[in-house]
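Structures are listed in the sections that come next.
Next come two complexes, and both contain chain A; in the first it sits with chain B, in the second with chain C.
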Partner chain A sequence: MRQETFISYHGYRWLILTVLAVVMCSAVYLIDDPIGGRNGGTIVGYTFGTLATIGVVWLMSYGVRKRAYYSSLGSVQGWLSAHVWIGTGLLVLVPLHAGFSFGWNVHTLTFLLMVVTIVSGIWGVFNYATLASRIESHRGGGKSTQILEHLQTLSSDVKALCKDKSEAFVSVAQRLNPPFTVNLMMLLRKAPIAHIDQRVAGAALATLPDSEHDEALRLFGILDQRCDLINGLLEEARVKALLRIWLFIHVPASVALCVALAIHILSVFFFW
Partner chain B sequence: MKLRFIHERISPDGAVERTSADFDQNEVVIGRGGSSDIVLSSPQLSLVHAKVYEEGGQVLITEIDSLVGLRVNQVRVARQALNSGDTFQLGDLSFEVQLSAESVLLTLRVDNESAVPDAEVVARNTRKLELDAYLPSIRVLSCIASIIVLAGCFVYPIVRGRYSSWSSGPVANSHRMIEHDCQRCHLSPFERVEDRECLNCHTMSDHSEGFKEFVGTHRDLDVRCAECHMEHNGDHGLILRDSRQCISCHAGMRERQTGRDVLNVASFSTHPEFRVSVSDSVGAIRRVSLSDTQNVVDGTPIKLNHAVHLKEGLRGPQGPMTLQCNGCHQLSKDKREMLPIRFDTHCRECHSLGFDERLADSEVPHGDVDLVYPTLFAEYAKLLLLDGERGLGRPSEAVRALPGTGESPDESRHLTPDAKLAQANARRAEEELFTRTACFLCHDYREKPLSEQRSDGSRYTITPPRIPEVWMTKARFDHGAHEEVSCESCHEKTRRSTDTRDLLLPSIQVCRECHLQDAKPGFVKSECAQCHPYHAALEVSREKKQNLNEFLHTLMR
Partner chain C sequence: MTNHFEIAIIGAGPAGIGAATNAAHHKISHILIEKGQVANTIFDYQLRKHVMAEPSKLPLRARCRFEAGSREKILEDFASDLKTCSVNLVKGEVSKISKKGELFEIHYQDSICTATHVILSIGVQGSPRKITAPGGEMPHVAYTLADPGAFTGQHIVVVGAGDAAIENALALSADNTVSLINRGEEFARAKEGNSNLILNAIQAGRIRCFYNSVVARVESDTVTITTPHGEITVPCNHVIARLGCVLPRTFLESVGIEFPSQDLSSVPRVSHRYESNVPNLFILGALIGYPLIKQAINQGYEVIEHILGVPVQPADQPLLEERFEGLEGGFEVNFPKVHANLPVFRDLSAPQLREMLIDSTFHVKRAGDVVFEKNDYTDTFWSVLEGSVEIEVAPHRVVKLESGDFFGEMGLISGRRRTATVRAAEHGALLLETPRKQILKLMASVQSVRRRLDEVFILRALQTSIFPEVDRAFLEALVRRAKMRSFKKGDILFKEGDVGDALYVVRKGSVKISRRNRAGVDVAQTYIAAGNYVGEMSILSEKEMPRSATVMAAVACETIVIDKADFLELLSTFPAAEDRILRLARERKVENVVTNWDERSGSLLDFMTKEGLTDAENVLLIDSDLCVACDNCEAACAATHGGHSRLDRRGGKSFASIQLPISCRHCENPLCMLECPPDALTRLPDGEVIIKDSCIGCGNCVGNCPYGVIHIVHEHVPKSGGLLSWFGFGEVVEGPAKAAKCDQCHDLSGGPACVRACPTGAAMRVDAEQLIRIAQAKRM
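Up next, the complex of A and B:
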């Protein structure tokens, strides 16, 4: 049996309710033919606008609910499911409210901020659906700090191994030691460090005296292990970054949306 | 398989702490999870990482599920037979293998001295792996985004007084000049635009007298200008085209305005027959339906036989000619309305106002009957002076007796014989014109009562024709828009009309052949406002007119 997620919560309850609501609103929109054309200022327009405003305020309240650990007001998973599906439904409801008329003004800005919020949220949902399961399987247990500690240990082992060895040995160790460097692009893009392949290892061995071949094989083993650890770390960091980066768009856009929404409502009635 | 596991921990001071566990089973699982046989807390171990087992007399190790994998003698493998003296690594743990005939000995040594990780470096690298290290915090980003929106869309408009970003939509083209001057119409915040703001610039007539009264008695109804003229809706809303707005009242107008001459109109399909404004015998104007055949007559006191005028080969000044409708009924320059018929323009070419063959080049003037007799007298006097009595014969009749008295007015007692001769000829010609020929052909005439007659003035007067400029005063028909349609397509009876009282206007049924209120293939969608103009713009009073430069200066402030 498949595990229930926030997407499929209670047999897609919130998806079904949202689809029903959107279909109903669309039907009302199509049936309604107000004098002067469909826009936000008709009875149906005001109704849809009010519904959308309530929707936005409620969606924002999810941030409060998920931190209210002792709240008994429904499960967080249920709230998240409703948050995702109702939020997606607003992509249809708001254009219906506006009568699909857009321009260079605060009203359309409000809509655009809502679109950015919702699309980034959908991106987040997609990331969770495709990446979340990979954290556990890739981690091999433990926290990144402990893996980093082991990386340092391996570095110490490499240094110890280089002690009293020829310059060629030290040079090989330095050249083949996989670097541990991280930047933003590496966190967002999959780019694993290549392992030491047979050809490279063979070429390196050829530069070393025979007496150091056994130690060199040990060195390759350690460097290979370092490579695995770094790749594991980077992959996990990438997954974690992708599971979080959408929030850097979703949350600021949603807060800005609230501000724009308030200005939208204020301006509409200021110049009634 | 018997397996002994020894776990040695060497402290920094060299002391060795040793624990051991013995197993006698087919396979021994090593991992971090509780289900493993040898449970170790290394972070790099998976829950079930690898297992050691005996197969075919050999001791083997195989990886189960891990990220860091399994290494035997530093070489990564998935499965490997173990020999005595081998070392295998599971993540950061290194196991020594000793095999004897009876058992397997696994020794795990953890030398705390061997690696003392630099906590600072680890912390720095841990931080590097987190997205937050490269971006501002979500809270900061949220604040920045909110401040940008607040500053751009709220503070800036208020401080600079530029509210274009608050506009709910484009204004109508005719209002573009004041588009940025929101307060010109929106005088009070949070209050709807009142009529006085519109009337500041626009001088308008009332919709109708009835409407004015109706609004006065129904204060609860929202009948502001802006209710119909929806601004910020592009050019679509400012001039109302939607008939439903009209019908919302006019469908029940009879009930709303009892006692008034109004009809209910619920749609163009059920629109009552057109009503025309006709004058009755005493000149009073009343509206009569075209379906009321008894009363719908053209009472205009002018005679015209359309059938005669439209005959082919009429005798014209240049020979036979055939008149067309637009020979007389001509459109104004803007092609919106018909120009009034003028004698000089439309009739004189065929209808001469000449009065005497001896004065072939002379005609009496049209329009002012009081000029007819003086003109005639002057012309005959001139003829007398030029040709003497030879040219001007005696009038065939004596001056007529005054009606009712049997006596002639002694109007000529002070005149010379020549003048009397000219006068007699003029009076004879006047009578001929008014009662039998030119004037009589088109107009009704009346002989003035004696009290109004003057010796040097006309004895007759013409009943003013009073031809209405438009017959349907409550509607406007755009002849220009129908220019491609022949006149007789709509004015069907014209060619057969011999009675001057025939009103040759088309019925609403003729319009319905092409026009329909609802959009339907094959028909022109027609709204009420297409034919019914209301509260037409009036000329702006002198006091309201503005200097152009001042006006523009005000707009640019």
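Up next, the complex of A and C:
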């Protein structure tokens, strides 16, 4: 039994409806042959424009529905499914509305903002589909607080190992276990903390007295484990960030789109 | 010379205060003896706790004030009322009460007084058990610990192995050197969480533990401990002894009061004037099963009136009469009928019967009316007062019950759905519906109720689902010989390879069946729910046969054990039963061979058993492959439940790619419902376990829930309401503390808000069987 996702919701109901609508609109567009050529000012153009405007307003209302927790008007999953597919359909409907005429003006700006919104949305869908299953803490992996506690224990283990050891040992421990600071770039890379280089470790081992070799090997083991834990933490943060970050484009772009759309509609009525 | 009083009242709790203020009002010579604080239990509540005045319908009859409010306000009222009424309040612990002729002799602290009447209102909390070794009375030996932070850099010896001792030892170990003295060799009595914490602390060397040890003597700066390796003396500045309580029962029995059964929860029988079997000795409040403050105060008032010979109707009389409204003849005619027609309630004392009836409802049914349907979740107990009903035990098979019989006891005890539909058989059938809680209380306190219910329960369990072919007389004889055995979670009923000697009918709970695979590892195979039997395979023939599997209690279980000899006799006497049982056994055998030792599904069953999921009726799951951690589920839950989410998405365990957030599972046997004083926890007909508004925030359910899903919260109540508050402008006030848990959004259309608000469809609520299917599909 496979869980239904918001993409495949109810047997791809919203994909099918969107494709049907887009095909119908395209057919109307092709059949229609207005005087002065196809553009936003024809009857078909106005109709498509009105449909697209209703579409945009409805897509924006997803934000309200998602927070209307008492609402029993469909499920949020169903709304998201419709949001995704109808939103994608606008990528075709709006150029049909404009008759594929673009220029350096507020009208095309509106279109571009819509494209930015939709493309960032598609990026979000892609992230949802590919990254959700990689949140380790959801799959029995340690929770971040547990991992932090574990890291702390490892740090105190390192301290305990360094106690009463030669200076050489302490300096090896410091060299191979440098303090690091988290920066944004780390979130872009997988496994940003490098494991201990075997050659470096081998060379370090040679600088130590024989009596400390066993402890040094234990030290390398602990440092290696520490490296894995930190990478795990960073990977979790990276995945969670990617699941959010697209919204910082999608939402502002959609608001900007609404402003531009209002200007577009007003300017069309007043100045055309 | 000893002082003499007309009335001696022991214990200044609500009942004692109610009695003392009324006695003082009537200017009767009296003494109120209290060993600790006035209203000790309320005093021990957390600061500013809001105290409820349940049952809200019951009027207060008292010379003292009491209404719902803060702990401080109530304590202040009590103290000032005791003063204004000039109550003779004396501090001291009563060590002995004995009867000398007509008078009682009361020993307290260093004094003795005599009294004509004694009123016992000492509550159920008891007094802490003391260290009996020399030095146990020294000033640095304490039996409570209010603030662990008050100690730093000290040597402290904690005595005990229960939760209180463990929690104190752990808290003190942060800044002190702590030694723990455990009489046993493990921490069996403690909660699992505490047991793990203390074992970790001992292993890490933060606490030194002496197992199998006792205190030999306490001196001013050392404690000597008798260990299996001889005596050891450790430095010690403070001793904290948490040895549990001496139950008031021991004290009551020393006074001559009789208890109806050995059951620890049983309460002494009293007359309708609260008089015990010892003449002129009265018992009030929680001791006789009335834990609520208002009930206790009322009883205190009434008992004084009784002693004075003033006829007084109990405060609950109007409530009782209300129950009989609409019945032909009303209270006068029908109240005696209950006693006369229902043998199961015949041994109830007057207060018990009244309380049972106040909580119950009468129903007059027409022929054919449905009382309840099969598979309903209702859990009330029904008695037939007049007329008769028909139980549809199988299609086209009806059992008729007449006046004096009862039904509905299966749902009552096993916590499962109704097993059959019941209809009224004739016009005007008069039925009495009693809440589960009341019956459980009566079963604990009145032996005859328990015995009668047990017998009928076992008989019907066997008759309806296990041996429908066997006749009643045979089963009755079998039931008399059968033993009842209870198992704790994780106990083994029998082991693979043991010689089969008995059949186990699972009456309550569920069991896990496991077998060893080729590598010798125990692999869980399946689990068997209440209403089925296990262990028949190795007792089907005369010759000795080994058990083919290990059976373990998945949750706390009750079983009916039927001996091999009885079982074989049953099979030979009833060929139809034998046929069916042999067929089933063959099917199970085949199943054992073809179930190809799938360790993965085995580990799923192990996970489910460990997490108590086999007991879950409806559990919240999150599909980790779909969850994007947006937390809209928690936001939806909080928004629809007074600002507090009842689910914790990040908490909880995971299995495969299924995550179990911390959220109520609406268990088949909800442990939370066990000790709810106002009976606020209840199961709705659709199976949801919910908390009603009558919750007093006592926290019993929070402690009883093994899954940590109940919290005490202050609900945010919008003061103005309406549109303004929706925009965040209205004033929001904090409501009283109440227990909160998932209620499955039973009052919202469209189902649980968490599931409906999940944008990716990751959240779902399923039952145990659906959970298995989903988990197995995930692993394929």
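Everything that follows uses one rule, which is that the second predicted complex is superposed on the first by the 251 of 272 C-alpha atoms of A that agree within 3 Å, B and C clash if a C-alpha of one lies under 4 Å from a C-alpha of the other, contacts with A are read in each partner's own complex, and residues count from 1 in each chain.
Note that a contact is a pair of C-beta atoms (placed from the backbone, for glycine too) under 8 Å apart; a residue touches a chain by one contact, two chains touch by 3 or more.
Because the structure is a prediction, the values reported are computed rather than measured.
K.L.:
Under the superposition described at the top, does placing chain B and chain C together on chain A give a clash or a fit?
P.N.:
The answer is clash.
K.L.:
Please tell me which partner, chain B or chain C, touches more residues of chain A.
P.N.:
Between chain B and chain C, B touches the greater number of residues in chain A.
K.L.:
Is A:Lys143 contacted by the first partner chain B, the second partner chain C, both or neither?
P.N.:
A:Lys143 contacts both chain B and chain C.
K.L.:
If you stack the two complexes on chain A, which partner ends up touching A:Tyr70: first (chain B), second (chain C), both, or neither?
P.N.:
The second partner, chain C, only.
K.L.:
Using the superposition on chain A described above, determine whether A:Leu80 touches chain B (first), chain C (second), both, or neither.
P.N.:
In the superposition, A:Leu80 touches chain C alone.
K.L.:
What is the contact status of A:Gln198 with respect to chain B (first) and chain C (second): first, second, both, or neither?
P.N.:
neither
K.L.:
Touching A:Ala132 in the superposition: chain B (first), chain C (second), both, neither?
P.N.:
In the superposition, A:Ala132 touches chain C alone.
K.L.:
Look at A:Glu4 in the shared chain and tell me whether it touches chain B only, chain C only, both, or neither; answer first, second, both or neither.
P.N.:
second
K.L.:
Would you sort A:Lys240 into first (chain B), second (chain C), both or neither based on which partner it touches?
P.N.:
A:Lys240 contacts both chain B and chain C.
K.L.:
Please report the chain A residues shared by its interface with chain B and its interface with chain C.
P.N.:
In the superposed arrangement, which is not itself an observed complex, chain A uses residues 137-140, 143, 240 for both chain B and chain C.
K.L.:
Can you name the residues of chain A that touch chain B in the complex?
P.N.:
That would be residues 35-37, 39-41, 101, 103-107, 109, 113, 137-153, 156-157, 180, 182-184, 187, 217-218, 220-222, 224-225, 228-229, 232-234, 236-237, 240-241, 244-245, 247-248, 251-253, 255-256, 258-260, 263, 266-272 of chain A.
K.L.:
If you look only at chain A, which of its residues touch chain C in the complex?
P.N.:
Residue list for chain A touching chain C: 1-6, 9, 66-67, 69-70, 72, 75-77, 79-80, 128, 131-133, 135, 137-140, 143, 240, 243.
K.L.:
Please give the residue numbers of chain B that touch chain A in the complex, ascending.
P.N.:
My answer: residues 32, 42-47, 49, 65-69, 71, 73-76, 89, 91-92, 114-115, 117-118, 121-123, 125-126, 128-132, 134-135, 138, 141-146, 148-150, 153-154, 163-170, 182, 186, 189-193, 230, 233, 236-237, 240, 242, 244-245.
K.L.:
In their shared complex, at which residues does chain C touch chain A?
P.N.:
622-630, 632, 635-636, 639-640, 650, 653-657, 659, 748-750, 753, 755-762, 764, 773-774, 777
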